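Chains here go by letter, A, B, C and D, matching the order in which they are written, and residues are numbered from 1 within each.
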Amino acid sequence: MAIVVTAGEAVSRIEDGMTVMTGGFLGVGTPEVLLDALVGRGAKKLTLISNDTAFPGRGNGKLVEAGCLKKVIASHIGTNPITQQQMKEKILEVVLIPQGTLAERIRAAGAGLGGILTPTGVGTEIEKEKTVLTIDGRRYLLEVPLYADVALIKAHLADEAGNLVYKRSARNFNPVMAMAASLVIAQVDRVLPVGSIDPDQVMTPGIFIDLIVQTGGEQVGDLRTAR
Amino acid sequence: MAIVVTAGEAVSRIEDGMTVMTGGFLGVGTPEVLLDALVGRGAKKLTLISNDTAFPGRGNGKLVEAGCLKKVIASHIGTNPITQQQMKEKILEVVLIPQGTLAERIRAAGAGLGGILTPTGVGTEIEKEKTVLTIDGRRYLLEVPLYADVALIKAHLADEAGNLVYKRSARNFNPVMAMAASLVIAQVDRVLPVGSIDPDQVMTPGIFIDLIVQTGGEQVGDLRTAR
Amino acid sequence: MATLEPQDKRIIIARRAARELQDGYVVNLGIGLPTLVANYVPEGIKVWLHSENGFVGLGPAPAPGEEDPDVVNAGAQPASIIPGGACFDSCMSFAIIRGGHLDLTILGALEVDEKGNLANWMVPGRIVPGMGGAMDLVVGARRVIIATEHTLKDGSPKIVRRCQLPLTAAGEVDLIITELAVIEVTREGLLLKEVAPGVTPREVQARTGASLIIPDTVATMEI
Amino acid sequence: MATLEPQDKRIIIARRAARELQDGYVVNLGIGLPTLVANYVPEGIKVWLHSENGFVGLGPAPAPGEEDPDVVNAGAQPASIIPGGACFDSCMSFAIIRGGHLDLTILGALEVDEKGNLANWMVPGRIVPGMGGAMDLVVGARRVIIATEHTLKDGSPKIVRRCQLPLTAAGEVDLIITELAVIEVTREGLLLKEVAPGVTPREVQARTGASLIIPDTVATMEI
């Protein structure tokens, strides 16, 4: 059973130096309220695992600008010149990972796999320092799990058991990150009573969720009547 | 865009000797009508990839009894004495795989991975003839993808684009098998017009589905109004 | 030591195993004796039962006539899903198991040994049912409790020095609960933690195929 | 050979690339020029556009005021989902890409070479934006078409003997479409398949940094 808390209470659990995953794709499906609280708390030296650093003033861009990060593990930083500047100035270490590999490495952590073999990156710079295995005559890179201390995710709806429902392309990395961190905090538009979400419509089972921060957002009906 | 056909038309695409995946867990979520048609066609020497062989007269049990199979790859055959008898008589080759490994090997095929590393089976008979890799001091078995020529799956609803919705524990192996075969045939209770299923409620995207067999079943409302 | 009927033994084991549950736990109960544990969940404790065929929130069997053919437990028996439950596919179900998201699994045993090895999926030369999800469960759950009768019907021990049967998993068992005792698997060996009322440590040792570490005082099982 | 405005070039390339689409194809269009291909889908052809941020059934940009902040394309621009579309998470999105479930991807290039190598994600010493989903797309799609202007603005070739920039993927490109030509990557090398109206094979070769295999007759691009 997830506990509903304020954003401040939630991020007080995040210590400087921790590894934090954040859901979102270029700022869509990002838990903005949690990021604001994290910036407000003055977090330092975090390692961020996320698809990208969004844009200045938006999504992970806020963490970059506020100097909360020492390292970013992402697939893309091209939309945020501040990230690039900090990388140039060696304030920020940036590790780039192909997006599908990033997703699978996070999933491997959540699913208890020791790693996965992907053809992505074979014959490129990504191959360097990686173990290469040949299966059925095709070369694959061995990619190992990516865990985090904390995952900050964003969903549309939760019930009080922590079950989550996402909307459209705001789903992206949120479900997989919910499986791969020791502490999982979900920002949601609205929390419904237990049993309001049909079990078939749950996208992330509540057993993965530790804390929920409700931000208000739009009113929704009772999902039990949804089918 | 999936094509709606009869069960007979659908299974006419399955040739003797092919490898066939069937969804279902002890006969729940199994495409019974497709299996009946396959038995009716007198299919021979198939390799079956499925969680189990269900019970005599039910689910994959029908394929066993009708002598359609030369090989079974499953996690469990304990509920079907006929499978065990055929195995004893060496009519049927049986390969047993831990259930989670079976799911991940099928997923690896569907997701284009060359394999996955699992801790399951380390230190057991399963380890024999497997490559063992040590990651961060823990031993893992390298498990390679499992593909099929055909996947026979069962869903509750489809739309004409092939998007699928499953019900309760009838989901099981169906979604992952839909990704791992050259030809994917879905038996569904009912086919709705394109656009009837909210994009967020789709459990298997229609791009995976080649043929749909509608069996009638219960009436359902328009899922566009579901949220 | 009084002789117990098999059904009494099973209830004692299930009741004692249920005392290992903690509020909010996510738990998978194996088929057979472990399933009985659900009947003895202590008051004030709410657990989420995971059913490896694809959901959390496994509830009691429905009343006759109320069965939904699409809602069954991992033994294909009619089941229910409690409010707050969630359904998923087999990949997610085993990601939950393998990924350490189960606080506890309670399983039966053919043999369990002093290294925490477990054998519960096949007997060579006899019929091989298959491991189903057992290998994943034992490896993946954070805590593995074996709930089993202390001996076979002929009195031969199920708790042994080394498993002779093919293993389900190596070194993963944490605790063994029988009708006679509660035994913890430690690095040093099998530690006798509790004995059933009226049973002496010596009697437990006599029915066990491995040396037990017996502390000066051993608690009595609350059942 | 007439000089074309950049915008004209882009339209020629997009129109010609759109002729590679087949009915029912599942297609991922890269950001930039490839995105324009969606505007020229031939009549009678229906394709399913895959958006790697998490859906199939990408539709046109919504009218101003109709934007849904949760529906964007892979460039974070407001988008729509056509009837029959489906949403999913990033793992599924890249399972679709990597698993060979895309019939086609059309991408831009910094460099592409006669071995089918592609470089389109970084320029050392300059800013490194990151590969995003490009490496997965090039490796995973059944067919990879590069839609690019034939040369850089200074006239230096983008189609070369060997890529000098860090690769996105090795040996995965199938076809190159520019405003001047359509070139197939074969085991023997780059085969000139079509030239733009009014362009000679010799002119194409002159602007290309690798030797082209030029058959006796070369078709004219239909654009």
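Convention: a residue touches a chain if its C-beta (ideal position, glycine included) is under 8 Å from a C-beta of that chain, and two chains touch if they have at least 3 such contacts.
Quick caveat, the model's predicted, so the values are computed rather than measured.
Relative to subunit A, the chain whose mean Cα position lies farthest away is C.
In terms of C-beta pairs in contact, the better-connected of the chain pairs A-D and A-C is A-D.
If you average the CA atoms of subunit A and of subunit D, the two centres end up 29 Å from each other. Work out the mean CA point of subunit A and of subunit B, and you get 31 Å between them. In whole angstrom, the spacing between the mean C-alpha positions of subunit C and subunit D is 56. Rounded to whole angstrom units, the spacing between the C-alpha centres of subunit A and subunit C is 35. Counting only residues that touch two or more partner chains, subunit D has 55, 81, 87-88, 91, 94, 97-98, 139-140.
Annotation for subunit B: residues 104, 107, 111-113, 118-119, 166-168, 171, 199-200 touch two or more other chains. Every pair of chains meeting the contact definition is listed here: A-B, A-C, A-D, B-C, B-D. Against subunit B, in their complex, subunit D makes its touches with residues 24, 26, 46, 48, 50, 55-57, 81, 83-88, 91-92, 94-101, 139-140. Only residues 25-29, 51-52, 74-79, 84, 87, 94, 96, 98-104, 107, 118-126, 166-176, 203 of subunit A touch subunit D when the two sit together in their complex.
On the side of subunit B, the complex with subunit D involves touching residues 1, 107, 109-113, 159-161, 163, 179, 194-195, 199-200, 202, 205-208. Taken in their complex, subunit A has these residues touching subunit B: 104, 108, 111-119, 133, 135-136, 138, 140, 142, 144, 165-168, 171, 199-201, 220-221, 223, 226-227. Contact residues of subunit C toward subunit B in the complex are 51-55, 68-72, 74-76, 79, 81, 87-91, 93-94, 97-98, 117, 127-136, 139-140, 166-171.
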